[in-house]
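Listed below are the structures to be examined.
You will see chain A twice below: alongside chain B first, and alongside chain C after that.
Then we have the complex of A and B:
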């Protein structure tokens, strides 16, 4: 399986994401520069965290116009898997590939912590390997992770089982404590926590492994 | 040529944590009865366009680039200016 890790100007979690695949799975992974226009040879796209375009205007607001986005939208249309982590999640909502928006944390603080998450939906291609686990722990590090959507959208998310992860306790003011969602077709996941930072006991946690293993298993 | 001033605001239904935080400080510093502090965005630019087209173009700029329609609204003011280029 060939993974693409997209690199925008200002992305800074690309290396962790690359190494998560490269060192902890048997699959191939390559960096893909934001100026590229093709994702033909890839089976999955990963959009890393960071501060693409300096978070100028709004987080992810400018990244959505990068040359690579056309190929990412095509990839999404073909129902191939895409995971957006942190800034990646912000970019996916800005690009309209996921509903809702990420806004400033409720308490105005940048939250840098390891938090408890509920795995609300284990029937997705990203979470099947979490079977038997109700709660996991993943690191978060964000200032704009407050997930917002209107009531109509929230009802749709619930009806279609698109909510995948929720915070056990309020971390940033997200509506319904939403930490990660999929699109309606279930091939795109956006999440604020960092699974790629929980791949090794040496880092303090291994709960990120199952996400990538699920993706590989469900290819 | 026009000079354009765009005001981008969160929709009223959205809590503005920055505004709330600033209001708390104002309350500490100044004795005044203030409420509803909101921190918005002010974006300016000049544009060369016909009188017939300018509003449509500025609306496109706002809708497609400057705002996230999911949570923001905008209004703008146009002023005809001398073209000194």
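Then we have the complex of A and C:
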């Protein structure tokens, strides 16, 4: 399986995602520059965290105009898996590939911590390996991770089981404690917590491993 | 507005407004054989400021040891470099940004972080961690609250965006910092030894390429500004503060690292444009290489219209670098930066004649010998005088605190801002990006993995300025000893230090004495611990309305953990582990937290024995090397009880201890002490290795209860009860 890690100007978790695949799985991974226009040779796309374009305007707002986004939209249409983490999640909502939006944290402050998450839906291609695990711990690090959507969207998310992760304790003010969602088709995941930072007990826990393993298992 | 002529500058002594003294100006007349014009006077005024020339401090800084067999680069370049084996090196430096942060705290702190990061990657290293050492006034004051929240946001805003983890530091509060906060930023990087760069400009006709952000009018005369005192009637100094753009710096960093790692044969030298911007970076490159430069300022990318040569040269716009590029590779270098959407322009070339020549709109606007600008700065030897208080402190009998109710006093101490948890502040910093962070903020020292090795770096910042105020020499020794204690407790061996030497106005003999004495103490301790000073900076004139800060030499120390298995943390690990105290506890309350709490001030003499310090540190190192301890925590502010509770809080474990001490001694700040925990399986072997100053004092228990028995009393409470005080104190005070 071949993973693409998209690199926008200002991405800063690209290395972490690359390491997560390269050091902790047997799969291939390559960086893909935002100026590229094709994702043909890849089986999964990972959009990293960071501050693409310096968060000018709004986080993720400028990245959606980058050349690579056309290829990402094609990739999405083909129902191939896409994971957006932190700024990657923000980019996916800005690009309209996921519903809702991510606004300033309720307390108006950046938050870096390790938090407890509920794995709400274990029947996705991103979470099947979490079977039997109700609560996991993942690091968060964001200033704009407060998930917001209107009532109608929220009902739809619930009805379609698109809510994948929720915070045990709401760290940022998100609607219904939402930490990660998929699209309706279930091939795109956006989440604020960082599974790629939890691949090794030495560094930030091991609860991120199952996410990538699920994805590989369900290829 | 037209610029003053050379004659007007001379006649009306206009140079004085820029901080040049009469005798310095007269020397300049002699050095260049004529009256300098407006631009030239400007160049001299910044290059001869304390900030750039260290004229007040050079003679003292010579006392620091700064060489050793693994030292690859000592002071004098962007940052110092130490060999850590495996053909890799660690690069680190700290720098103060006190004056800008007092005036414009967000940008002042942010650009302090940005500046120190540039120093690290200009050496060819990849930055892997940031730390910061902060001093503020008493937290109850609303201006202080504003400064804290803006400085912390500025540090986070820059570090989080550029994607370098902020892993550690220290924050203290005292009234002397009320109008003059200290913001000291430190950055640590790693590199392959073969890639070391220096700020050089050699090879006639090689070109000077300007890269990064455009030059604007921000920060003009920042270096001179940093070399002056504050006064309320000078609150309008806002224009001297720079504005940071971490996104731009991220691009600049990535581009420079690519250039150095893949095309080092294209370049001769690289230097950050920091204080005094274009003039300082380029003139220093020429000075170090015994060459001259000719620069055409019309080619400098500018963000504002109609900038004068004076403004272009003195601007401290951020995120800019000067690179000396081999003349045949200029095109390739410019192309490389274009790929990152960055400006890169050749603005001049290296010349043979050792003159610094500036052209603007086809006219020569400056022509000065490089040597005059950089090397001929008259060093100043200041008068020293021991302040009266020192004698009084020495003659004073030891203050013994009266602890009326032990539990209440413990709770009160934990709520003191200097002791209380800083997590509400450091949790706004991304401490994990790059996934190398092993020990996060909140420990004695932060620990960061060296990528692609089995090694890690331990790092800390430290300075108890209350001790230095009481006795600058012993206080200086303690500052280094305590930093080393932090490093050792994490499982590392100390490698070297960087420093930010923060003091008041050196023209006052008492201040200069504090400066000289504490340098003496630091130098002495550095020799003892074999930790050379490889980089650093001096920040003087930290005064506000004639009130100087406590003398505050911040020590930034880095150590090496040669095997990841040795990484040790301060937190208690499991039920029934035995708790040992290493080191002697005496009645040491001078400058302590308990003295400050109960008397509102500090006084008295200090007690410090270097040999015990070394013995105890060596013992802890040996115990860790032999895998005999489960946790190690150094004792400092707040004494034994604070150390025990900090170790218990992390994993919410309790403890039972029985101590042959008074209640007061729980708060004693005797130096050279650690608490370690030992699994009962290792008890025998541990005690065989331990020294006669190692005391079994109790054990860890897993029911969140704390039971303390002293010679005076016996108390019990739950961890949760006091943890709330400790965690909640700063958010509560900030409201």
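We take it that the second predicted complex is superposed on the first by the 219 of 219 C-alpha atoms of A that agree within 3 Å, B and C clash if a C-alpha of one lies under 4 Å from a C-alpha of the other, contacts with A are read in each partner's own complex, and residues count from 1 in each chain.
What we mean here is this: a residue touches a chain if its C-beta (ideal position, glycine included) is under 8 Å from a C-beta of that chain, and two chains touch if they have at least 3 such contacts.
Values in this document were obtained by computation on a predicted structure and should not be read as measured data.
Once the two complexes are overlaid on the shared chain, A:143 sits against chain C while remaining clear of chain B. Of the two partner chains placed by the overlay, only chain C lies in contact with A:55; chain B stays clear of it.
After overlaying the two complexes on the shared chain, residue contacts for A:16 are found with chain C alone; chain B is out of touch.
After overlaying the two complexes on the shared chain, residue contacts for A:111 are found with chain C alone; chain B is out of touch. Judged by the number of chain A residues each one touches, C leads among chain B and chain C. Using the contact criterion defined above for the overlaid structures, shared-chain residue A:203 touches chain C, although it does not reach chain B. Contacts of chain A with chain B, set against its contacts with chain C after fitting on chain A, share not one residue.
Those residues of chain C that touch chain A in the complex are listed here as 156, 160-163, 245-248, 250-251, 340-341, 427-438, 449, 564, 567. Remark: chain B residues 10, 13-15, 17-18, 21, 65-66, 68, 70-71 touch chain A in the complex.
Across the interface of their complex, chain C is touched by residues 9-10, 12-13, 15-16, 19-20, 49-51, 53-56, 109-113, 139, 141, 143, 194, 196-197, 199-200, 202-204 of chain A. Residues of chain A that touch chain B in their complex: 57-58, 61, 65, 93-94, 100-101, 103-108, 146, 148-150, 173.
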